[in-house]
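Structures are listed in the sections that come next.
Across the two complexes that follow, chain A remains constant while its partner is chain B and subsequently chain C.
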Partner chain A sequence: MRLKTREALEGYTFSTPAFLLLFLVLFFPFAYVIYISFFSKTFGYEPVFAGLKNYFLIISDPVFKYSLYISTLYTVVAVLFKLLLGLAFAILFAQEFKGRTLVRTVAVIPWGIPLFVVAALFFWFFDYNLGLANAILKALFGVKIFWLGPDWVVPSIIYVNVWKGIPFFMVNFLGALQTIPRSLYEAAEIDGASAWERFRHITIPGIKYVMLIVCLLSTIWTFGEFDTIFFLTRGGPGYLTHIVPIYIYHQAFSNFNVGTAAAASVISVPIFLALISVILWALRR
Partner chain B sequence: MSEEPKKVDRRNFLYVGLGAVALVAIGAAAYVAMNPPVVTQTVTTSVPTTSVVTTTTATTVTTATTTTTATTITTTTGVQKPKLTILYMSTYAPAINDWLTARTLVWASQRGVDVEISTASYMEIKPKILTGVETGNPPDLVFGGGDLVALLAEDPKARHIEPIDDVYKEIGEDDVIDKLKKWYTIDGKKYAIDLALHANQVHLIKSFVTEVGRKPEELVTWDDYVEFAREVKRRHPDMFPIGLTLGKCYDGTESWYLTWWPHGGEMCTGRSSTAVKFDSPESRENLQRIINWYNDALINPQMLQADEMLNNNAYLTKSAAFIIEGPTPYYAAVTRNPELAGDTILKAPPKGPKGTFTWGSQWPLYTFSASKNKELAKDLIIFIMKDKAEYKKMIQSGLMAVGPTYKSVTEELVKDPNVGHLYKVYQDILPAVTFYSYPLSEPCKAMDAVQANYLVADLFSLTLIDKKDVDTAVRTVGDQIKQIFKQTYGQ
Partner chain C sequence: MKRSTSLLIKKIAIYISAIIVFVWTALPLYWMIATAFRPEREIYEGLVIPKQLSLNSILAIFGFGEEYITVGSTITPYMINSTYISIIVMVVSTILGVLGGYALARMRFPGKDILSSLSLFAYVFPTVVIMVPIFYLFSMWKLVNSPTGLILALLSHTLPYTLWMLRGFFQTIPVDIEEAAFIDGCNRIKTIIRIVFPLSTPGIVATATYAFILSWNNVLFPLILISRTDLQVVSIGILNYMKADFVPWDRLMAASFVATLPPTLLFFAIQRYIVAGLTAGAVKR
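So, the complex of A and B:
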């Protein structure tokens, strides 16, 4: 009994610093955000209790509703494209061909480029007058597009996210593909399974768990993404790319309203969790 | 043959941990012993004229110069030098930033002060200042964040910015352009001083004017400029001649004010929601005017993006025939494309029925009440601003990007045989420089919020993207402005 108490004491002694760190780094800021969401608060001013006013303000704000919509659309479409293209590239690069190592290395480069560099790069790529995108379009079809204008801005930012995110999917899938025993494919081939059947019944189950983890992480990162879109469009034109993090930023630093920014953050958490659950559920199926 | 891994005894592990903690504690104690806490000493001087207060200790010499009759100078003694944390906005004219940094370092070396200079873009600086204020740890000195001054100084219960009337007295208050003093005067005290004035001017590309058979001096009113733009468009159907930004950003708001004020637009006459005059026929007419220009393809749809560089780039790539901007694009042309600079004429913004108005961006220097080094910060502001020969060098290095805060320096530059004609334009438009709370034209916390949110630029997205009618757009934005005034002033 005495020994058990001592062991427990030692256990608590060792784990307390970790718990304290977790409390300070994770729990305390989150609890503070929930707390401040019930106050009217401007930078440099004392908070004034506002009850649920901030929540009503946010819920009734059409821009917030649109932010949720565009964040969800952006996340779902971008993750879906990254999943499909990442898988396609992984299967392609898993094949034996000359220069495979070089191609694989080059394909990973977008993942390694810092976000603000990606934003600057695409800012000029999409420029109406000087951009490479329009130079190609003009040369091929004699037309130019306002890539970051109202009609094309959402596909454009999704494109940037997909371009940067594909290598992450590809590398993980490539690793997972290499764990599938070659003999399974050979046996299936002898049994007369088609390429599609081999893909469906061997490849997909073989990389299923990696796929789940990669999609989960990518959903979290894409939904919370701020840097690239803020650099590229600052949430515009108008509010067209006002994703949730940009909405929260504007509430805090343009409206100077820390309380509504906190309320928007709190409201977006369950919505974000629901989105992750739906994506995971869909993938499990 | 595998070897059994050696078991780590828990007790030994704990002892090692405790030993490490003890080591860290001993190290920290030794550090504190070698670096005694800074002793702050307050010296109050009562001197009617310029005096130099010098405090000498074994290792530090701190000097401060004052002229006021009762100024408190906080000097720091002890082993450690005082350290000033400084946040400077990076401007579009790097030479100005270089000058500012160099002067700061000269001051630091002369005063025996350590400085930590950070720079931030126009977009980054506001969150940095606000979070600093919120945590009670603002920078000691800030350059930039002009639209935060009223927010952080107007409310007597939350005055975070330190008044600097003593700085004004020291540098010669009468020489500072009156309008610039008014921008920062709240309840009779001045809270900031502009390093320089970034007053908007037309950047007109002469070759386009010549091409359509006109002369630059013929272009005076908005009607003249629009007619000119139409003529350019007829000759260059792919071009968008009017370089006005319409995005939800700083320049988007400038576009509104520069077209709205000359046509009778007014924001507020006082600090209450009933004093807001935004929802008016003038606002509707002005919005319709801009929509027409956009629909006639005189403005590039790309200008709906929220980006302050769009109009600058339109000018630098000659994809617009004219833009209206503080002359930083002209600075860029002089430094990177002299041919374009030679083909450019800087002019007063287009006139409307109510006269000529222009936008002046605020480039203020200020310090905070919570700063432990506010007196040193004020001393640095004096050092930056007082030596007018040095100050003139900064303005000149900016190659017209900004104009002087001082009347005397403006006069001197106007007389310069080489660039005098350019500064004459600046001098001439000074009376037209208008503050965003016009006609109140005073610092106004609610208007800081309206400006920081770029609310007036929503007019363009509401009509051109969301396809709302003009009446609805003006009413929506007008209601939001009134709401902000109501929240701020309670009426």
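So, the complex of A and C:
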């Protein structure tokens, strides 16, 4: 009994510094954002209690509705492409061929590059007059497009996100693929299973849980991603790429409307909580 | 005969796919490097392949060969600020993470499971949600435009990561070894220093390195907390190049190249540990 108490005491001693700090810089701010979302507050002025007014303001704001829509579209399409291409890349690198190590190393680089550099990179890559993207289009098809203009900006930011995000999927899938015993494939081949059947009934079940976790993590991070879009478009042109994080930023730092920005932050929390709970569940089982 | 033809087709398909993967990933990277290492005038000639190589742009962002140097026009102060802030964040989050992570992995105390889940939640949670309260609270606490404030904010992101990862690494050390040390008369602290540390050094180093990377790559916190150029970090330094009316493409790409080297090289050094990290639970079962 004494030993148990002692161990508990040790446990608290060891973990208190970390969680005390986290309380100060994370849990308290998190509670505070909920609190302040019930106040009308502009930087420099005293907050005035407003009840649910901020929430009604936001829900009736067409820009916020559009933000939710474009964030969801951006996230779903980007994660889908990352899943498919990440899986394709992983299957490619599971094969043996000359130069595999080199190509695989290059394919992983986007993961290692900071998002702000990825943004700068594509800002230049997509430049209308001098960018490489248009130089290639011009050479191949004789056309140039405004990559970050109204018509193409949404596909372009998705392209950037997919380019950056594939290696995370690929590397995790590759690791999972290697845990599938070769003998399963050999047995299936002897039984006359086609390549598609082997993929469907051996590969997919073998990497199912990794797929689930990777997709959920990526969904959360894509939905919460701020850096590349802020650097590339600032949410523009117009409101076209006004994803939820950009909306929150503009409410707080352009319109100086802390209350509505806080309400917008709080509204997006349940989405994240639900996704994270599924991850926790998947990691536990 | 038929089998060898299908093998040949498979081989050709593999090499074509490998080339596509290589080009898809390498093109934007090539464009950054080609722009950073060529004479400035060549950029405006619209050449895709450089005729000459030049280090002028790289030198210019450090202020060499520039006539007018003002604060913020060179990347040097940004690099220095990023380096020392990331090092402090790394050290603090590793020390607290080792203590807390060990407690979460090994000690039995009420609330342990909640704290473990909380650290994963905190790590996975997008920081945009606490952007508003962090700015608001840190303004009240006089932590805006202060390195301490930025470091504290960054810890809200890195500490949950180190806690969760180190907890995982410590869990992989067999309990028997530690129990043997206990029986031999080692107390808790001695066991940790003599047994646990040496066995988990790679994990601790990799986790610390990734905390450095996370801190270096962060955009949101310096963006909202730091407005003084002399205190600013490199991610926002890049943004300042992009905000110019006439973007100095060669400088932007040179600065991006320099800014991406530390995190990217470190990333490749520790990559295999990171991959084993978050999805480990799913693969290990």
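Going forward, the second predicted complex is superposed on the first by the 244 of 285 C-alpha atoms of A that agree within 3 Å, B and C clash if a C-alpha of one lies under 4 Å from a C-alpha of the other, contacts with A are read in each partner's own complex, and residues count from 1 in each chain.
To be clear about the criterion, contacts are C-beta pairs under 8 Å (C-beta built on N, C-alpha and C of every residue); 3 or more make two chains touch, one makes a residue touch a chain.
Since the structure is predicted, the reported quantities are computational estimates derived from the model, not experimental observations.
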| item | value |
| --- | --- |
| Which of chain B and chain C A:Phe253 touches, first, second, both or neither | both |
| Contacts of A:Leu240 with chain B and chain C, given as first, second, both or neither | first |
| First (chain B), second (chain C), both or neither touched by A:Ala78 | neither |
| First, second, both or neither for A:Gly149, with chain B first and chain C second | first |
| Which of chain B and chain C A:Cys215 touches, first, second, both or neither | neither |
| First, second, both or neither for A:Ile229, with chain B first and chain C second | neither |
| Touched partner set for A:Tyr45, first chain B, second chain C, both or neither | first |
| Contacts of A:Leu130 with chain B and chain C, given as first, second, both or neither | both |
| Which partner, chain B or chain C, touches more chain A residues | C |
| Residues on chain A lying within both footprints (that of chain B and that of chain C) | 10, 43, 127, 129-130, 252-253, 258 |
| In the complex with chain A, residue positions of chain B that touch it | 10, 14, 123, 126-127, 130-131, 133-134, 151-152, 155, 157-158, 160, 247-249, 300-302, 304-307, 313, 317, 319, 449, 452-454, 458, 460-462, 464-466 |
| Interfacial residue positions of chain C with respect to chain A in the complex | 11, 14-15, 17-18, 21-22, 24-32, 35, 43-44, 46, 48, 96-97, 99-100, 102-104, 107-110, 112, 115, 117-122, 124-137, 139, 152-153, 155-156, 159-160, 163, 188, 216-217, 219-220, 223-224, 235, 238-239, 241-242, 247, 249, 252-253, 255-256, 259-260, 263-264, 267-268, 271, 275-276, 278-279, 281-283, 285 |
| List of chain A residues in touch with chain C within their complex | 4, 7-12, 14-15, 17-19, 21-22, 24-30, 32-33, 36, 43, 88-89, 92, 95, 97, 99-100, 103, 105-117, 119-125, 127, 129-132, 135-136, 163, 171-172, 175-176, 179, 209-210, 212-214, 217, 220-221, 223-227, 230-231, 244-245, 248-249, 252-253, 258, 261-262, 265, 268-269, 272, 276, 279-280, 282-285 |
| Residues of chain A touching chain B in the complex | 10, 13, 42-46, 127-130, 146, 148-150, 233-240, 250, 252-256, 258 |
